[in-house]
Amino acid sequence: MPDLSVAIGSLRMRTPVMLASGTVGYGAEYEGLIDFGAVGAIVLKTVTVQPREGNRPPRLCETEAGLLNAIGLENVGIERFLEEELPRASRLPAPLVASVGGGDVEEFAELARAAGEREEIAAVELNISCPNVERRRLPLWADPDRVKEVVVEARTETSKPLLVKLSPKAGDVVSVAQAAERAGADALVVGNTLPGMRIDVDARAPRLGNATGGLSGPALLPVNLALVWEVSAAVTVPVVGSGGVRTADHALEYVMAGATAVQVGTAVFSDPRAPSLIASGLARTLERDGLEDVSPYVGLARKRGGR
Amino acid sequence: MPDLSVAIGSLRMRTPVMLASGTVGYGAEYEGLIDFGAVGAIVLKTVTVQPREGNRPPRLCETEAGLLNAIGLENVGIERFLEEELPRASRLPAPLVASVGGGDVEEFAELARAAGEREEIAAVELNISCPNVERRRLPLWADPDRVKEVVVEARTETSKPLLVKLSPKAGDVVSVAQAAERAGADALVVGNTLPGMRIDVDARAPRLGNATGGLSGPALLPVNLALVWEVSAAVTVPVVGSGGVRTADHALEYVMAGATAVQVGTAVFSDPRAPSLIASGLARTLERDGLEDVSPYVGLARKRGGR
Amino acid sequence: MTVARDSYLFTLDVPREYPEPQPGQFVQVTTLAELVLRRPFSVAGFRDGRHLELLVEVRGKGTRGFAEAEYGSTVDILGPLGNAFTPPAEAESAVLVAGGIGVAGLRYLAEKLLVEAHRTLALVGDRTRDALLDHLFPEPAGGGRYRVMTATDDGTAGFHGAVTSLLEDQIGRLEGNARIYACGPRAMVREVARIASASGLPCEVLMEEIMACGVGACRGCVIETEGGYRTACKDGPVFDAADLVLAEADDDGP
Amino acid sequence: MTVARDSYLFTLDVPREYPEPQPGQFVQVTTLAELVLRRPFSVAGFRDGRHLELLVEVRGKGTRGFAEAEYGSTVDILGPLGNAFTPPAEAESAVLVAGGIGVAGLRYLAEKLLVEAHRTLALVGDRTRDALLDHLFPEPAGGGRYRVMTATDDGTAGFHGAVTSLLEDQIGRLEGNARIYACGPRAMVREVARIASASGLPCEVLMEEIMACGVGACRGCVIETEGGYRTACKDGPVFDAADLVLAEADDDGP
């Protein structure tokens, strides 16, 4: 029986299949539907300092091979998160990763400390794609210097593994990744959704209440895969691939591009069994190839003909 | 009979349906297959100063609702283009737009002059997504200052309408667009392909010889549509939408987001009749809505509920 | 089974251990493998603990794909999901108001009410006679405790006018207390809510919104209520009409 | 029609004005509406000016979709496209070397050669007997001017070994001049080219590459030749083996 486990610092995961932030809420909603025992870690929905109402509906729109969402980071705020949601989530048989979204450096630091203090939480993911409170020319997710500050401050507040989730819309993702690494990130998640929109030509209006939203699902896979390829060549910390993973082969694509683990989001909507099917598919592939763990696959496509 | 014509400066187009650069080569290859009479303009394949061999194969890879291409700007060079290809293309019953790709400011200027001198050419499109010859921190397509220089210089070399084709991978596309506008661009094409890749897990290697390529087709539509939405709100020159247009409704989405015209690329591969079907579909919609031309649709989604 | 132009009634055989759905609940269906989202459909009937009925109108890709599924093929469903209608009190008559395919959301409730011999008035409206789905409600039984009335916009069958006008017309003639249940287009729902409020009658409506998870996890399907955004999939799909913030601008629906 | 596990022979009725294809040419087929690219298939036969035959092996989504198309449905094709095989000279015997589904690329040529009673030796190879497609070549006619021989990797039928070994074995026994035609996996093509070159025989091969436009416009389907990159769709798909740059690393194909 091959060993699928991977680790990001002290975050030890049974399989490289993580659940992506925001798609499984606070986890408990999917109890009985997702086999959490096959999951490496659950990244909980991003929380902010204050509760957020989120965007006006409609918040979802399906597009060819993709999903647009404009949830607008609706969440209960860090306080109720820690009091109410976390205890419920901690019943689930998989490590929990808190995803936090700050409007500025101080908020990120505050959130990282508050979340990191709780023993139910195995690691903290910084979602730097959040809407900004500060008014700067460059949004946070595109500005290596600010990302560095955010990570440095969060780093001082917690000793738990820090994952930084990058945005594919940053023109120069590699510089942002390197800044996060230098500032002490333990892993980089590549990446979040890409801005997108659709228009209802009959209603003559955007399909989303917020006009634009974030693109996820199969359509996003080639884009984030190329970013994993680029980023993993430029950093030494583990990279976690996210975007359009539905099958074990998709997970393997990310791994062969240089990722150590993957996050599964949209695929859970069409099939809650996807995470466990991906894990068992990976196990079968390892067995077929006579391997004991996934590490030989990491970055394999670069070693083999990758130019 | 509604009038579908639109204009970009002196470039008068019968319909807002243009053919995108690189997908119909130098035009003549599609003679007898595409109804060029229904086409607003043909943007010819990007030419560079020197001939280019292009990338090693495989150069194409289909992905969910998208196409990855890594042609690598294979082209015959400006000289043979003007001598051999242009005369052939000029037989076609649609205005020709030359697409040029320079490695630096001087090359763009040289190409714009050489192409602009020819009367067969109705307008010049600057493809600023080309690989760079100069070694700078920011690639050209992401650097508003350099884009401005390129457009200023090209502008002095030709009085023909200048279209500037932006790249969706620039983090801050709006600034690039505004720089191009200020420098004298007559229209902005939004936009080119997005970097992407796929890996063949059996071969354990990238599917493209060049590893990464550009994503086009339906998967790209929501992304470039959101950019058209953003850019058209920030500039006053016409915007041309490009990315995933296959039907008249897709064209209308771009128009309602703020575009004056669209370019059709990948859809021609699956159906060479797509451009004329899109044009006739638009005509039918205009008739249904009792409109005489497309201008009332331009940006309509913003007027109606667009936030 | 085709039940009107572009509307189909499906019977799915479910496993023996399948939980009994409550009227108002829905299932999330994989209609086409290449789609990213499942599609939600109300439970439109449940027989013998083994047969789940769905009533589906073709609206786009997913519903078309589902309608074209081969007889005998396997369907992947998630559910029953969501909350349920509050049953009427002993003394209340039930008034069901269905517009168009809204019949799907109320049919299972109607069947339960008929079985329980509850005093029930079902109003079914549509554009024109050929579109009407009133025949999908159970057949009126003897004793007059259960009645179905129809309305068509063009007057080709039943009441000539909107089903909401028929409701206004009938509401005065009801004896004793009543509870209203509605399902249909946004504009109709808004009008029913207004009428109920004006008459001081309790009213529950089944709200449609595009859904991803279907289990309250993604916050994608929210409906605006007086108490803030609530999920249609978990807090709903049934809402107290008095709680809803129904803006005219949203009448087109999602 | 199923002709082997996962291989199908299709007959398409084409309009009367359809141009007669030449052996080696191909058509671009819309196999599934949701795919972005058409799929190229060799003309595997053309009868009575009205029936175009395609021989398709299921490899992925597109070929599977095509194989599952309903009998009697309409297929959208573009073509005939590409160049053609050079017919053998009067005095040359034709040696056809087909590996696996490569039979598709040579079948139409074989039929023409048979009709013209040209001296022809067709070698067909595959992994095992059940996969062999030799029966899709026209039946050997009397007079011995047309012969089909088979090879299987596992020896379950015909020559035990690679079809290229069979070629080496047979090539010495040919009388007079010969011209070789090959279609199959990259590794096979490379080996045939080597054998042809060693024997000083002219050799043409049909090359496969992923295609978008199919008409030489997009430069997506290039093959490396001594003279630089050439398009498989317009300059090819038939290439003089001597011109090709066939690297071992590319054996997996696109």
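Order of writing sets the labels: A, B, C and D. Residues in every chain begin at 1.
Quick note on the criterion: a residue touches a chain if its C-beta (ideal position, glycine included) is under 8 Å from a C-beta of that chain, and two chains touch if they have at least 3 such contacts.
Not measured: the values here are computed from a predicted model.
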item	value
Contact-graph separation of chain B and chain C, given in steps at minimum	2
Each chain counted as touching chain A and chain D at once	B
Centroid distance [mean C-alpha coordinates] between chain D and chain C, Å	58
Inter-chain centre distance, chain A versus chain C - centres from mean C-alpha coordinates, in Å	37
Distance between chain centroids, defined by C-alpha means - chain A, chain B (Å)	33
Contacts with 2+ other chains: residues of chain A	65-66, 203, 218, 305
Touching two or more other chains - residue numbers and ranges from chain D	34
Chain contact topology (line, ring, star, complete or other)	line
Chain pairs that touch, as defined at the top of this document	A-B, A-C, B-D
In the complex, chain B residues that touch chain A	63-66, 68, 138, 142, 169-172, 194-199, 201, 203-206, 209-212, 215, 218-219, 221-223, 225-227, 229, 244, 249, 252-253, 256-257, 300-301, 304-307
Residues of chain D defined as touching chain B within the complex	30, 34-38, 76, 78, 209-224, 228-229, 234, 252, 254
List of chain B residues in touch with chain D within their complex	22-26, 29-30, 33, 45, 53-54, 56-62, 65-67, 69, 71, 74, 200, 203, 207, 217-218, 266, 268-272
